[in-house]
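We just call them A, B, C, D, E and F in the order they show up, numbering each chain from 1.
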Amino acid sequence: MYDLVTFGEAMLRLSPPNFRRLEQTTNFDVQIGGAEMNVAVAASRLGLKTAFVTKLPRNPLGKMVENKSREQGVDTQHILWTDGGRVGIYYLEFGASPRASRVIYDRSGSAISTICSGEIDWKKILGQAGQFHLSGITPALSPSAAETTLEAVKTAREVNCPVSVDLNYRAKLWSQQQANKTMTQIMEYTNLLFTTEEDTQRVFDITAESYEEVAAKLAERFALETVAITLRGNISVWKNTWTAIAYSGGKIYKDKTYELEIVDRVGGGDSFTAGFLYGYLKFDKDIQKAVQYGDAFSALKHSIPGDINWSTLEEVEAQLKGAGLRVVR
Amino acid sequence: MYDLVTFGEAMLRLSPPNFRRLEQTTNFDVQIGGAEMNVAVAASRLGLKTAFVTKLPRNPLGKMVENKSREQGVDTQHILWTDGGRVGIYYLEFGASPRASRVIYDRSGSAISTICSGEIDWKKILGQAGQFHLSGITPALSPSAAETTLEAVKTAREVNCPVSVDLNYRAKLWSQQQANKTMTQIMEYTNLLFTTEEDTQRVFDITAESYEEVAAKLAERFALETVAITLRGNISVWKNTWTAIAYSGGKIYKDKTYELEIVDRVGGGDSFTAGFLYGYLKFDKDIQKAVQYGDAFSALKHSIPGDINWSTLEEVEAQLKGAGLRVVR
Amino acid sequence: MYDLVTFGEAMLRLSPPNFRRLEQTTNFDVQIGGAEMNVAVAASRLGLKTAFVTKLPRNPLGKMVENKSREQGVDTQHILWTDGGRVGIYYLEFGASPRASRVIYDRSGSAISTICSGEIDWKKILGQAGQFHLSGITPALSPSAAETTLEAVKTAREVNCPVSVDLNYRAKLWSQQQANKTMTQIMEYTNLLFTTEEDTQRVFDITAESYEEVAAKLAERFALETVAITLRGNISVWKNTWTAIAYSGGKIYKDKTYELEIVDRVGGGDSFTAGFLYGYLKFDKDIQKAVQYGDAFSALKHSIPGDINWSTLEEVEAQLKGAGLRVVR
Amino acid sequence: MYDLVTFGEAMLRLSPPNFRRLEQTTNFDVQIGGAEMNVAVAASRLGLKTAFVTKLPRNPLGKMVENKSREQGVDTQHILWTDGGRVGIYYLEFGASPRASRVIYDRSGSAISTICSGEIDWKKILGQAGQFHLSGITPALSPSAAETTLEAVKTAREVNCPVSVDLNYRAKLWSQQQANKTMTQIMEYTNLLFTTEEDTQRVFDITAESYEEVAAKLAERFALETVAITLRGNISVWKNTWTAIAYSGGKIYKDKTYELEIVDRVGGGDSFTAGFLYGYLKFDKDIQKAVQYGDAFSALKHSIPGDINWSTLEEVEAQLKGAGLRVVR
Amino acid sequence: MYDLVTFGEAMLRLSPPNFRRLEQTTNFDVQIGGAEMNVAVAASRLGLKTAFVTKLPRNPLGKMVENKSREQGVDTQHILWTDGGRVGIYYLEFGASPRASRVIYDRSGSAISTICSGEIDWKKILGQAGQFHLSGITPALSPSAAETTLEAVKTAREVNCPVSVDLNYRAKLWSQQQANKTMTQIMEYTNLLFTTEEDTQRVFDITAESYEEVAAKLAERFALETVAITLRGNISVWKNTWTAIAYSGGKIYKDKTYELEIVDRVGGGDSFTAGFLYGYLKFDKDIQKAVQYGDAFSALKHSIPGDINWSTLEEVEAQLKGAGLRVVR
Amino acid sequence: MYDLVTFGEAMLRLSPPNFRRLEQTTNFDVQIGGAEMNVAVAASRLGLKTAFVTKLPRNPLGKMVENKSREQGVDTQHILWTDGGRVGIYYLEFGASPRASRVIYDRSGSAISTICSGEIDWKKILGQAGQFHLSGITPALSPSAAETTLEAVKTAREVNCPVSVDLNYRAKLWSQQQANKTMTQIMEYTNLLFTTEEDTQRVFDITAESYEEVAAKLAERFALETVAITLRGNISVWKNTWTAIAYSGGKIYKDKTYELEIVDRVGGGDSFTAGFLYGYLKFDKDIQKAVQYGDAFSALKHSIPGDINWSTLEEVEAQLKGAGLRVVR
């Protein structure tokens, strides 16, 4: 039995150290990351039993994706291995005000983009899962990936496995129309939606006067159980504010706003998802707890290099109790 | 003749670079540090003639402690060498808001914790010293270390060597009751006390409405010549304010507040002690100068990686004159 | 069901980079290693289903031991977690002729040394294991660890799980008499013994004119099914020869001698054990195959930094077929 | 045909990584930099055709200066090679508030300081140049360098090549009187002057109530076409504000103020010059555009390690359009 | 006028430092390399005027290829820039006996593989070139790249620009039959062939009793002016022998054999080509000189990290005169 | 009282890591070294009480020279501090066969080259010294340094302090005639001479059929008590053989030959001197012991990065007893 199964792409992440520009670098820090793997890993760190489903080439880089997942306790037995394709790459360049950080993708031709409906035994996997999660990146990878994603969420519905989706619009992968069409289909099978105001506007053309209204509109249009929205304030590149809200059953849930000194903001949203799902699943759908766990866990993520959130449940709970800034000895 | 002799433990300090978590790291930056060694080294950098007394194992790590002390001009001839024991370790993980930095100690079984009364010829060493300094960590290391510490301060009194103490409460080493009992004994032989409001409350259960009052109460209860208190404001993990006060002869001495961009705050308090003692000893017990030198020297420490304060007397004095933030060419 | 379960200590390994001396270093490369963990990890890489049993403190370093094990697919669910103790450390200094490499242990007080008989449910674990492996280090850690080891091998016998032992004498941990007494008891329950000529002499006082005779004498004295001996030729610190023999059922099995350019020889013997067990278990106790897989796999280990053998089964089999030295493209 | 030719010294820049003090470091990051090379390189990155004139020793460090120039498309064919002299060095120590960053020069005896009038064929080089640029450092290097600089600007006038000068006063190289005398002569041949309020006061003893007045006074006294002044606000060592103004034809041109998170501020002024000259030359002496391009380009420089501005024209223009701080994907 | 123009692919080269396995690494050293770029760069270092023709995407990695070429003085103005495609990658894992070094290519979808006949103005470029060089990799990249290669060599013949080819068979890119067919066509326009015995056998199915005979057969079959063959002896992964022969006008030319301590052997053959072409072009087709310059220059390459040969002409000539192994001061 | 006082220059040593060429590097490893400091430091490590006399600028690099000396226990109180001059630099590029390692000096203008007769109180320093040592580099630094050196050795004779000299000819600093003239004068006051066959030929034009004869001729011509010659065999850049002989009182003393895997050979000769002097001074002028300690200590040096020999007396004595190549645990 899995508490949570996620499905998507994981990539090799290459970033120049010490704020060097990509063009200028002589070496790369190597990490592994990708929205759905990040969620599986982060949820596993909090204590959920998770599995990550993807398709990988049989080579050292494919193995690295598996290694880094199971290093954190994620079950990798459902990964599909292939002799073709590659592990996609994303280059991450850290900025400093007024220069924003930048991501360059080199992911075309990845093994996961060749995934086809029928290759994964969704019934078997989701039949033993408490929650299925994916992001809007997975169906954007290729038409066959979109098809497989739909197959997955439909199967989830069949086997009574609730589905959560992070909208995560990637303009480099598909147009807003394409995203709208596919994501609308997926919404039909979705219980929980994670998103930002900006992505909601781009994919579903929903705007409103407030975050709360956006969430309400989304919940209404797609008959979603719960919609959660993360809110980032970009004071500067190294300093952000961070909070989140959720709309569920006609009510709005909020949390405090964290002041963040940014070490690495990539994966912040995925940590929110993982923390939210932890709170949601552990405390019997307590949305307030879910928002707080998600908010605190993702706040901590911003202080850690790499996509992976190396925080612990104890640290999250210390934040909820109001941890200070003095050295912990 | 030594201007200053200090006595205590020095450890190997291992810290993951680049804000990596301990659990995540693939390498450690190596430093040597410990409250009393930090004071001896820092005072030596300002020009005092200092010696550091400790007990070390005869191995490369023990040698490293000696090396790093004498690299800065500290006299190490009174170090006691043994075939047993180990050099303690402390792991330092740097945080970023809202995650505080964290220290994990692995110091049990250290050579210094096996030190026994009678092993050090205190009369000979302190007979030639202008000041003897230790912190509340030394007696907390073990019962025999507490006994040796008492032996030391009593001998200091006998040979007319003034004693300064940094209260430095470490909850991992002993309980508040134990600390209270031993530190109260040590206070009997103490002239100068360095502390923080928090430690004063935990060890001596002294609280007051203001820092000034706390200092006054301490001076009164233990008949101390001078009490100095450092005051840190945690704006964020990377940004602090820093100042200090002293109470002496019924008067309060203050200094400006420094705004600090934190590179490494460990050893900040030790630098205050060293700077204070420098001003105190060089300017004929001028408490105002002592506070200012201590404050400026410790402000500079926060910008330097490692426990050791690599600043110079010239840099301290430039701060006192109001050094700016433009590049010095 | 596990193909292989191992039991012992894993430590934090700290080594100065670039041939720096320990006393000279400013940073450490961090690895995790220990004879039995090395065997579990290496066997898992070749495809065996393995579990590693140990006792660890609940802190980031304890977690690191678990992480690095499961990163390679080793099952870590039987690890015993405790609030006390520490993760032991070994410092590794790389040499160059005529200076040999050097290991300094700082392992006393480790959590595993506090393990007690009754803390591990051996019947449950070994009841589902095809092979149980440990080295002579485990019982040397403390009297209670020795007791637990005996408990384990006795239980193995009860549940019909064959036992393999790597003699691995550590003079820093116990005397030759102590080792002789305990290891003789353990031999009673042992099927397979891995050793070197030198350790055999030191622990069992067995000498002979040839490696083959040593193996035969060992098999005879302790009624062992098979004895395997690894043979290292130290041409220089960076250049070794490496081969192995086994004695089983009255016959001697040999393999070719590998010429090694040494990157990191630590864990070489453990890789032999893992490779031997792989061949032994996969090919139905074919001792010739076992020696060849062990020999090739450990030869490859010497070219890889860290205790862990990152080679693959394909690479081992390429060696068996006579892989060349040209760049593989 | 060159859009821009610059003339001056380039040095090896050695900086301790990770905020280490110079005295404390065990390694240096290596960069190449120098005011005029920085301008040539930065202008080349924006698309101008540039050449850099200097004198270098025939050794690997001399070659490194050439390499790093032509890596960015700067023409290096007019560099004068010699068997004597050395490449000067500057040590750069990064600070954190309240400790300012610090530069220590070790440049005496450099090859460029031995340059003599007559060694460079200025007529040939400047005859094909749209703009000639140098800073007040070049004539300060030695009397013969001052003579060569005068020869160069006079020839520029002869061949109708406009001259721009960055005042750049270096107190370590010459006195204010010496600077005043030489720079006054050079002003006679200068069209464009780049400076700061502080340098203007030190070299020309010009002060005024506002930056604008300073610029106006300078333009008047030396009959300059345009005077540009950069304005830095030192909020802290890691946080600055940055803007610039220009005075031309009786009018003041201004731009927005950038908030900078400082990665490396060295070369910020040179990037302003390069960006200004780009705007000035590309948009037909449009001073408003010049100020904006200079301001944006130099703001970006502060976020990049090294003297060299690795930004692109696209990034500059994105700033002009109001680029945000969100991750660019 | 160019002495030499080369045409082909340059890739990002990512290699784990310190003999780490690819699967194990946490960072990559970044280099740029590719057979034809390597030749252009290396020849430029010896003093030839060279240009490198390729097709690159407009992004920081494409720019890096251009930068690293022009850093060494190579003319990059004929590079074709595109908005599509990517810069290919090759991962290089360094081995140690008995584990050979390994290259993993991730080059499909590269910009250069989309090059089409008609995109490059060969007449203009080769009309001003003294020599045109490419390797058997270029036509293997894609059918359109093969077509473009043929177009290039035919144009070279038209404009009387001699053509040199390095056979360089890559089994991952095409079959032996495909290679045979295309390379046979290219041979028609080729004057100079660089190859190894093994590639000759694989592409042209030519074998003989000696290297000399292989060279003679090649020259005969394709009416080549000169054939050069490099000969590597793999004593171990870190120790090789290296020499070369050439056949020209019915005569065999030989050189001494170098003993190499290998730092990085990639690009060794390309350096031979560059050194050979230097000797050949500078000394009026003196084949003996060509072989010696090629041999010495490539021997030096093996001691330098990266694809690029940072040796100088002086160092090559010192080898020809018999440079010793003592420290040069 | 000092066992040994040395006098000479110490420099900043900058070396590119990982066999990178100087021209290619992006960072430097930083060390401090110089013949006479190396001897003082190495002798101190073996247990001699030593002082190092030099002249240094008051800046962080000057301080670094002092720090690194006293880190090893060398007395630095006689160092002369000045406001002018610089710390010289030497760049060290590591080679691999067939490319030899290379040193590039950038030492002109150093503070020590400005030293003048009368600046050092030789009578006071050498009056308390058991041995005075310098190399042929010190007088080569400048005419005034030569004068000061002569002043020093004459004073040594006056106060009955024996003098040892390492001939150490540096062609970049002076001609063979200059060296001959000055070193001949110095020989008059010298008791012990350390040299190589090559330097003897270059400075004194002494050649002979054997090393032994060279030593005998030197002893004879200059009436030296003892002459020691080190003998290096350059098998390859990374592999050398190493031994030494001494001639004293008409007898030749020899030692075994060490096979060295070279990590860093710089300072090897200085370690021989230090080891020789240790044996000579500790064992009452036992020349055989002196040669053996010198030989073993310098053999160990070759395995250690940097000029400084971090070996211990225990390690030297283990070599004398025949230490093996197995890992020391």
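The rule is simple: contacts are C-beta pairs under 8 Å (C-beta built on N, C-alpha and C of every residue); 3 or more make two chains touch, one makes a residue touch a chain.
Just so it is clear, the structure is predicted and the values come from calculations on it, not from any experiment.
Engineer: Hey, how far apart are subunit B and subunit E in touch steps, shortest way?
Structural biologist: 2
Engineer: Over the chains that touch one another, what is the least number of steps taking subunit B to subunit F?
Structural biologist: Contact-graph shortest path, subunit B to subunit F, evaluates to 1.
Engineer: Where centres are the averaged C-alpha coordinates, which chain has the largest centre distance to subunit E?
Structural biologist: B
Engineer: Going by more than half of the contact pairs matching by residue number, which of D-F, B-F or B-D reproduces the interface of A-D?
Structural biologist: Selected pair, repeating A-D: B-D.
Engineer: Report the chain whose mean Cα position is at the greatest distance from that of subunit C.
Structural biologist: D
Engineer: If you average the CA atoms of subunit C and of subunit F, how many Å lie between those two points?
Structural biologist: Here the centre of subunit F sits 45 Å away from the centre of subunit C.
Engineer: Can you check how far apart subunit A and subunit F are, centre to centre, with Cα atoms defining each centre and the answer in Å?
Structural biologist: The computed centroid separation for subunit A versus subunit F comes out at 62 Å.
Engineer: For subunit C, give me the residues that contact two or more of the other chains.
Structural biologist: 17, 21, 23, 26, 67
Engineer: Chains as vertices, touching pairs as edges: which of line, ring, star, complete or other describes this one?
Structural biologist: other
Engineer: What are all the touching pairs of chains?
Structural biologist: A-B, A-C, A-D, A-E, B-C, B-D, B-F, C-E, C-F, D-E, D-F, E-F
Engineer: Per the contact definition, I'd like the list of subunit F residues that touch subunit D in the complex.
Structural biologist: Where subunit F meets subunit D, its residues are 14, 17, 21-23, 25-30, 59-61, 63-64, 67, 86, 89, 91, 93, 104, 106, 108-109.
Engineer: Per the contact definition, I'd like the list of subunit B residues that touch subunit A in the complex.
Structural biologist: 18-21, 23-24, 95-103, 105, 170-172, 234, 236-238, 265-266
Engineer: Tell me, which parts of subunit F touch subunit B in their complex?
Structural biologist: 67-68, 70-73
Engineer: Sort out for me which residues of subunit F touch subunit C in the complex.
Structural biologist: 17, 258-263, 299-300, 302-306, 308, 310-311, 315, 319, 323-329
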